[in-house]
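One structure is given here, and the rest of the page talks about it.
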Amino acid sequence: MNVLAVGAHPDDLEILAAGSLALYARDGHRVTMCVLTKGDLGSDTHTRAETAAIRRAEAEESAAVIGADFFCLDQPDGFLFDGPDVRTRLVDVMRSAKPDVVITHHPDDYHPDHRAASRIVLNCRQLGLCGLVETANEPTDTIPGVLYMDTLTGIGFQPELWVDITETIDTKRAMLRKHASQNEWLKRLHGTDYVDYVDRQGTLRGLQIETAYAEGFQAAKAYPQPRDPGRLLPPSL
Amino acid sequence: MNVLAVGAHPDDLEILAAGSLALYARDGHRVTMCVLTKGDLGSDTHTRAETAAIRRAEAEESAAVIGADFFCLDQPDGFLFDGPDVRTRLVDVMRSAKPDVVITHHPDDYHPDHRAASRIVLNCRQLGLCGLVETANEPTDTIPGVLYMDTLTGIGFQPELWVDITETIDTKRAMLRKHASQNEWLKRLHGTDYVDYVDRQGTLRGLQIETAYAEGFQAAKAYPQPRDPGRLLPPSL
Amino acid sequence: MNVLAVGAHPDDLEILAAGSLALYARDGHRVTMCVLTKGDLGSDTHTRAETAAIRRAEAEESAAVIGADFFCLDQPDGFLFDGPDVRTRLVDVMRSAKPDVVITHHPDDYHPDHRAASRIVLNCRQLGLCGLVETANEPTDTIPGVLYMDTLTGIGFQPELWVDITETIDTKRAMLRKHASQNEWLKRLHGTDYVDYVDRQGTLRGLQIETAYAEGFQAAKAYPQPRDPGRLLPPSL
Amino acid sequence: MNVLAVGAHPDDLEILAAGSLALYARDGHRVTMCVLTKGDLGSDTHTRAETAAIRRAEAEESAAVIGADFFCLDQPDGFLFDGPDVRTRLVDVMRSAKPDVVITHHPDDYHPDHRAASRIVLNCRQLGLCGLVETANEPTDTIPGVLYMDTLTGIGFQPELWVDITETIDTKRAMLRKHASQNEWLKRLHGTDYVDYVDRQGTLRGLQIETAYAEGFQAAKAYPQPRDPGRLLPPSL
Amino acid sequence: MNVLAVGAHPDDLEILAAGSLALYARDGHRVTMCVLTKGDLGSDTHTRAETAAIRRAEAEESAAVIGADFFCLDQPDGFLFDGPDVRTRLVDVMRSAKPDVVITHHPDDYHPDHRAASRIVLNCRQLGLCGLVETANEPTDTIPGVLYMDTLTGIGFQPELWVDITETIDTKRAMLRKHASQNEWLKRLHGTDYVDYVDRQGTLRGLQIETAYAEGFQAAKAYPQPRDPGRLLPPSL
Amino acid sequence: MNVLAVGAHPDDLEILAAGSLALYARDGHRVTMCVLTKGDLGSDTHTRAETAAIRRAEAEESAAVIGADFFCLDQPDGFLFDGPDVRTRLVDVMRSAKPDVVITHHPDDYHPDHRAASRIVLNCRQLGLCGLVETANEPTDTIPGVLYMDTLTGIGFQPELWVDITETIDTKRAMLRKHASQNEWLKRLHGTDYVDYVDRQGTLRGLQIETAYAEGFQAAKAYPQPRDPGRLLPPSL
């Protein structure tokens, strides 16, 4: 199976889905991580260009932990808008990754860029198929299922599907620690340790299915529907 | 896997889930069909007792098509109410069938008995575990997942999970035809042929996942949640 | 009554509402069909310009079947975005068609252009009234009711209002067959015959109201509300 | 058209739907008002039996204003529960009134008896048809549409359908004034004049459709659906 | 302020609201804890009668930690149903506790007794006022606001209101530990330590408002609405 | 407390929240009123530039009634779109007003500019904090809570929080009367007096909490959540 995960900022996929991505990788599926913005607002000590460079390196290191391919579409942090250009670029990534499933943000998550990312992904879902949308890569011949990740701290979100990530929680933490610049900054801003923060959400999602750690997902409801949305995710043991 | 399907009337499980039940049976899972009422309002030519006897025989023949076990809890048609007695009897059936998954009506389906059946099933979900609820069978040691079937003609229902039943649509039709008394009666009442009726819904659910025939389901949202609700249903091919 | 139907692509109105539009026409109401994009992605053998020309001709022929006026706003297929220009053009169409009711896509339908079309229509609803929005036509003096069509295969949609189209199903099929280029292309893409496809949805909507074929609608909830939303649609016989 | 309105207490139909009932009567439709409980908690000066007698007389006077038939099913106020007995009695009323449409409380209205009344009505909808449910009157041969009235002060309710009652607001007030015992009691309890109270809600519902006074309704979503739910209500002028 | 908390089983209020109840008590409000069932299914080693006695003692000790009054309505565990008797008994408790606010289960929580408790509370809300409902205590003269607690593990629940319980988390744990019989039993059943279990949910609710521990609530939507639902809960510091 | 109210047009805040804003001011809180568009479509006798000038003066006079600061972001009426420029300007206003709470339109209100305003506000909520978003004012160090106002005539809106504005209803009316140009125009357009119009909605919201006049609000659900959303609003007396 080919899996494409699309996040708004360089650390979002790690926070919300790294346990599941690590399971896909463990099971031999091909994982591609694509980040839409440069994350260049994520600092109070560096310039935007410096921040972008630091975060790209961190994201690449994190993707390397599970052997995932990595793309960044270089949109401006805090100002991600849907439009012809970003759609065309994402269609090209989709044609490269040839996903059976695309994992992205929930449309009502807390951050404007998360909400925009979710809409951009859904809006591109059919376009990869259309030969008349010209990009570097060849058109695909299937329309992937779309799964929404949990929201930050779960506000406004109810999982429909759970993945037991107890086995990969340490990989998830390792990926999160690669985002060292953010971990420090957010700790100062919110007084919360990054890993502790993510653990709190994973531990409640785990409780819901009676395991130690889990991640929650919803399947986007849109024609054509994948037949077995629950089988697009890695199985529990 | 053990599958318990609980319907309000002797033909409901056939109309809404027989294609999936046939797939379970094909895959070697143990299927139990349990009907809560006698269906004894389903006639305009027989007495209630005669109707009950006719319909029980039809339902048993239908269950036999896929080799399912059959139970009827003998509640009065049109007047199914939750209460200690029906709960205790259903708990006993659950302890006999030892289901990994229970399939039943959606809580907002059109018929009062369907709505009552849905609530009774959800209300019994934890009770099988409690040794102090005494019934003929031994307590179970797991809490099954609960899946809701589609509603009649799909009003008020959006599938979350689909099962491709193209392979078993003929078995479904064969099971429906066992309910000969109802088929004739409903044809007079609604001017619709039973099988045609069911085909119309299956064909649209099929279109949603790009196959010929499908059935739709939702997973009940209640603690503890099964880890992989989508894997409680038979896989598409 | 004046009816304005606004679709994203040249065949959308036919798929989702042609039976009702034909009933309006039959009853002597004035029907205007307006398509926002050129549909110029709808081919794998022609150029975008050729495709646009072919599809415009097909749409005009289809509108002619029921004697409807036809407009195309020439936006790019797959890349329909709300903005000042498309709003102003649609306001001008609304001032020309002077609708009592506007029929358009549901805001959560599967295709990005459908979702955009739905929002653009709702966003233009009040603007026709404002004399200071200058267009070729004179301002209107009423705010029309807005009705949303069903979604493709009904995913994410529950009808509030049904129109019995048994009498016009053949007209609907005739209009669909005018879109010959799409019919062939979609058949190759999805393996589904266009007319069969549409029949499957019409037949289930029909079952919900106990007739052969129906189309489903919802009324947009927005001030000012039409007093009798159900009377904005053609009556069943 | 035959209209059956079913309220929980002797004044509920007047508060929430009298304007529409008066319009039905004006248009020559046959209106039946059925009250499920005796309203015998509605006093702080009389006994329950006295209160029941007073309120029955008031309700009959109110029904007489529009020439409606009147039934009371004599259930205890504050303790209305669904059950075989009340269902059978209501089925018999339905077989007598032969309604094309049944108007009742919204299932989430504020009072336990309102919520119970709503469920009892929906639960009886199909039963009138079944010959094997024996009551004094003959079975009906149609399943009526069900419309829910607004909730008290509109909490938890959004109208889908509006009726312009400007023409019958005075009749509505006249019917309300027949419930003199309640008007006085509620004035002491809530400090609100009955008619003023009802006017406040009617005036906002009116504003939503740009008229002076209106009442709001929703159609119950249940198979089989009436084809034209909006045409089950009296037309605006 | 007088606070009445109504739970289904002897430990439910502790699991879902003890942090907030402890804050009320700290602020000098009068807290009454009322449990509807005896909790007599909560054992696999004792008889029902023994279990009821053990759990009553545990619940009384827990209530004593914060100086709360305690009532148990002695309904059977697993078989709690709404009815005239339990309503009348709860009305009497409400007349004794004279609550400004009643805290109870969410209507869609996982356990049948939780769902029944929620409905019973809402159904009794107005009845305390009616002099003609006779109980040992005098009628109240106000209708309290109703707040719903979180569900177990938060499935199907989104908080509208949060209480920061960081200051009383240790009191909450102390109250939970009084339910020693359940703590041991649930540990065997679900493999989860009681306190750890509750901490996981409190820690995520805390994260949502950027504190260490929190509890979440919703206000029931029903006329008459308390003016300041957020002021019915203890303030954060 | 610092309160920032953001409306789409120069009179929206008065219609939907002036009673609450007046209460904040009475209690000594600092109130800032920010209007996103010039309201320059609001006339059928003046040019757009004249209309903008008239309405700005009216809005300033209205703000002066309660001593509120006033900003206008000069976007075009009827054509308000989210984008980098309007976001940056609003972030700068937020950094100037330093709000503890931001009050704005509901995301589904009837007018396109109201819906856009709601989204723009939510999209700017976090950005004030980011030092790398450069504006004239210094970054803030907190993320404010966001409250949504009622919709026009309450369509599609259910209050979660109510403010009793009986004490400030006359101030609200006085502020509305400052918008003389609109009052006259809307009277011609909708046949409704401005103040009467607003009174109708206030009187029903008042009825819901048993007072004379009220305004309704909802708290936006987004991380991080304010701990006590109900305490962000002025208390009832």
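Order of writing sets the chain letters: A, B, C, D, E and F. Residues in each chain are counted from 1.
In the analysis below, a residue touches a chain if its C-beta (ideal position, glycine included) is under 8 Å from a C-beta of that chain, and two chains touch if they have at least 3 such contacts.
What you see is a predicted model; the values in this text were computed from it and never measured.
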Superposition of chain C upon chain D: rotation angle, C-alpha, nearest 5 degrees: 180
Same or different residue numbers at the chain B/chain E copy interface, by half rule: different
Chain centre separation in whole Å, for chain F relative to chain A (CA means): 35
Computed distance of Cα centres, chain B from chain A, in Å: 38
Distance between the centres, which are taken as Cα means, of chain D and chain A, whole angstrom: 52
Of all residues in chain A, the ones touching two or more other chains: 153, 155-156, 158, 190, 208, 210, 221, 223-225
Every chain pair meeting the contact rule: A-B, A-C, A-E, A-F, B-C, B-D, B-E, C-D, C-F, D-E, D-F, E-F
Residues of chain A touching chain E in the complex: 153-156, 158, 190-192, 197, 200-201, 203-204, 206-208, 210
Contact set on chain D toward chain B in their complex: 82-84, 87, 122-124, 126-127, 129-133, 221-225
Chain E to chain F touching residues, read off their complex: 158-164, 208-211, 214, 219, 221, 223-231, 233, 235-236
Interface residues, chain E side, partner chain B - complex: 40-41, 43-44, 47-48, 51, 76-79, 81, 110-112, 115, 151-153, 155-156, 189-190
